[in-house]
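So the structure is just underneath, and the comments pick up after that.
So that you can tell them apart, the chains are marked A, B and C in the order they are listed, and the count of residues begins at 1 in each.
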Amino acid sequence: MSILLKKHKDISGFIFINVTRLLFLMLILMLAFILIKIIVEGFSVISWEFISSEPKNNMTEGGIFPAIFGTVAVTLLMILFALPLGIFSAIYLNEYAKDSVFTRIIRTAVNNLAGVPSIVFGLFGLGFFILFVGKNLDEVLQTGLLFGQPALIWASSTLAVLVLPIIIVSTLEALNSVPKSHRDASYGLGATKWQTIKNVVLPQARPGILTGTILAISRGAGETAPVLFLGAAFFLPNLPIVDLCFGDYCIPMINPGEQFMYLAYHIFILATQSSNPTKTMPLQYGSTLVLITLTFLLNITAIIFRYRFRKILGRL
Amino acid sequence: MDKEINIGDTISKGDVPNDITMNSSPFSKKIKQSTRIKESLIKYFFAINGTAALIFIILIFIFLFKEGFRAFEHIQLVDFIYHNRLAEDGTSSKVFEWFPTSDEARYSLIPLILGTLLTAIPATILSTILGVGAGIYLAEIANPKAKEILKPIVELFAGIPTVVLGFLMLVVGASFFNDLLNPTNRLNAFIAALGLSFVVIPIIASLTEDALHSIPNDLRMASYGIGATKWQTISKVILPAATSGISASILLGFGRAIGETMIVLMAAGNAANITSNIFQSVRTMTATIAAEMGEVSQGSDHYFALFFIGIVLFTITFFLNLIAEVIINKMRKKNTF
Amino acid sequence: MKETKITVKNLNLFYGEKQALADISIDIYSQRVTAFIGPSGCGKSTFLRVINRMNDLIDDVRITGKIQIDGIDIYDKNLDVVNLRKRIGMVFQKSNLFPKTIYENLIFGPRINGIKDRKVLDEIAEKTLIQAALWEEVKDRLDDPALSLSGGQQQRLCIARALAVEPQIILMDEPASALDPISTAKIEELIDELKKNYTIVIVTHNMQQAARVSDYTAFFYLGRLIEYDKTSRIFTNPSNRQTEDYVTGRFG
């Protein structure tokens, strides 16, 4: 039986394993390079002033506050539109709909929506929200040219459609992970379908839904192409804010009818259309560092959330 | 909420709940009309929301076509392929150019399609090598502990905004390869393709990992059980079983590369050349829309032509996604026992 | 004196084309424990779920025949299923407590029925815990997560949760199959106690358990009710050959 003592030489396996390991290492190095480059070049620019002040001197100096504000405002409205629609949609698909040709078509539509090129969303926003919805609103309400032009609300609406699949898919996963036995218990106690969804299913699905929400915000904040012709502006002297007054009492609100500055768009503009690209290079890196910090923080939060969610469910 | 609380009544009266045999009426209680209506209203409410994704796909379709087809009011379908240039001596020649702002407007999509392919195909090839390799490493080779850290890294990769990648290719990548390879143009298809791979690699990697992960463990056990090595198991058993899933991931990656805008807009040079030289500037369909839509006057031929490009893009990616989805569904069916 | 609680006549159940229950007729008595026994897949659990119409939740199920509780046809089109399920508590094979506190689990049923008064809810919680013989063990930790309890305690909490909606009938689907012998004994004691006030139907794999806790036993085989009689008779002197083979362990 000496053959058992002979060690089997799996040379091709050895090569293969190390090649894939090498490929993966390259990926990590690429990611590390991107991060390190941005941090090294951008870090010196970051200061409270950079974050909190406006661009100056034809955008060759100053800060990026309006762009940060615009990004927050747009994604806030976006999630306000997308979240209820996405959650309700997923509830229908997972809790109410039977498996039929129709629901399979809807599921295919969800996947397909996720694959539509972002620039096409821009065209859609222009054709549908601005030229159809907006123009018709103007006509019906006799408001002249108020709604039928690029504005924050249309950028948010379009981005909401863009991130809708992200919210639907993660909500579906979350709802699906609630065990059937818990639903049975609830029905067995005489709960109606809606009571069961509201009291048993949704509370358990909450962390999963939150994960999807964070991912959607991160995606929306990073998109540039759809907002190019939906109201993202080069430079605006004023923030898109309007005072909402009840008598004497006024609260500042996001003005959905205004144009806005957008961090991702700002980077694009600085890098390609600046009057002096070399001089603004530090600003470009600084803005990039802010954007990537924002999206990375959001993504890492989402990943940690999902990790803990799955761990609770014993699925890891 | 619901006010049908005869149970509650008995309790608050402090009754013992157990005098049951006396009270047999509850079973005969008919459905409360209000509850029934409420439940079905809720159902319809969700059903309406449920169709949102489908409605938006249809709306995208309708409004792209609504605007895009108006291009045919003045432009012929053949104009999107070539322009017939009449010389002074009466002869005509075919011109494949995209130049809508010229007095003699030319609308050939050929340079844009070629530009798209010259960036998307190399990006997909590169991403397939790196992405499939990384996916295999994640699914079959990395130990579970390492996997817990490595998978999120791939996801973080996927979360980098494309404008950041475009920016880096523009300011870092272009200079680096300009010195290294001395290309025809500083910004070119190769630089853009490299940038695109950063987007495509995570897609292919995570979908490949999914495809491998969905293969039943029995198959691995069976292979190891008859004395196969790891390499034999992966190459002879696992990969063949995952072929369809991996090809779906490549299709989806390719669709993403075709549809990506910011990277090619910033790094491909944007000259509508007809070329097979990867080191020359090219202009893609997406970049054309992005660059020109802001400046074109609404309702002009040029404007509608840009929407027509949108239709072409949407159609290509729609079918790529659909095919990938069919493949993935088939695979899922096959792998569930 | 025994009273009939549930009457079933010529019940058939189909999953699509497949017939899962065939021509079942049975009377189940009030304040007695009735055990359903039989090999896996014989239809006993399916039949249990017919009684509180849990099968309604599955698509493609068709039922013919009659099933009455207190003389009322529970498959009547106008009958309120939700109300029916409130009157019939169900305990499942695996404890399926919600990931909430012990207290929240207990008052889930009363709360969805519209009881909001904290004092009333507290009373219900205490009373049902006492009924389920769990009060002493958990009275100081009502706000702990329910999932921190031991397996046997979890299952008894499931029973308590079912009692909180004041059912008249309790259906138990192998309630002790996942438990150790000591916890099982506690559950059986509890069943014995509860039968004074409730009609109890229990599905079990465990022949000794059926013999210990039940007054009546029904033997199912291949979707049919083979024999139904007093438990003592089923286990000592069954009239059917298949029943005898099964209870003596010759098959199944």
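By definition in this document, contacts are C-beta pairs under 8 Å (C-beta built on N, C-alpha and C of every residue); 3 or more make two chains touch, one makes a residue touch a chain.
Bear in mind that the values here come from a model prediction, so they are computed numbers and not experimental data.
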Strictly by count of touching C-beta pairs, the top pair is A-B
Which one of the chains is farthest from subunit B, going by Cα centres? C
Roughly how far is subunit A from subunit C, centre to centre by C-alpha average, rounded to an integer in Å? 48
Per the C-alpha means, the centres of subunit A and subunit B lie apart by a whole-Å value of 15
Taking each chain's centre as the mean of its CA atoms, how far is subunit B from subunit C in angstrom? 50
What are the residue numbers in subunit C that touch two or more other chains? 82-83, 86-87, 112-113, 165
Residues within subunit B bordering two or more other chains: 1-2, 35
Please output the residue numbers of subunit A that touch at least 2 other chains, ranges allowed. 192, 195
Please name which positions on subunit A make contact with subunit B in the complex. 8, 10, 12-14, 16-17, 19-21, 23-24, 26-28, 30-31, 34, 37-38, 84-86, 88-89, 91-93, 95-97, 105-106, 108-113, 115-124, 126-128, 131-132, 161, 164-165, 168, 192-195, 215, 218-219, 221-225, 228-229, 264-265, 267-268, 271-272, 281, 284, 288, 291-292, 295-296, 298-300, 303, 307, 316
Contact footprint of subunit A on subunit B as seen in their complex: 1-2, 35, 38-39, 42-43, 45-47, 49-54, 56-57, 59-60, 63-64, 66-67, 129-130, 133-134, 136-138, 141-142, 148, 150, 152-157, 159-168, 170-172, 198, 201, 205, 229-232, 234-235, 252, 255-256, 258-262, 265-266, 286, 289-290, 293-294, 298, 306-307, 310, 313-314, 317-318, 320-322, 325
With touch defined as at the start, can you tell me which subunit C residues reach subunit A in the complex? 52, 54, 57, 59, 82-83, 85-90, 92, 94, 96-100, 108-109, 111-113, 158, 161-162, 164-165
Contacting residues of subunit A [partner subunit C, same complex]: 98, 179, 181-192, 195, 199-200, 203-204, 312
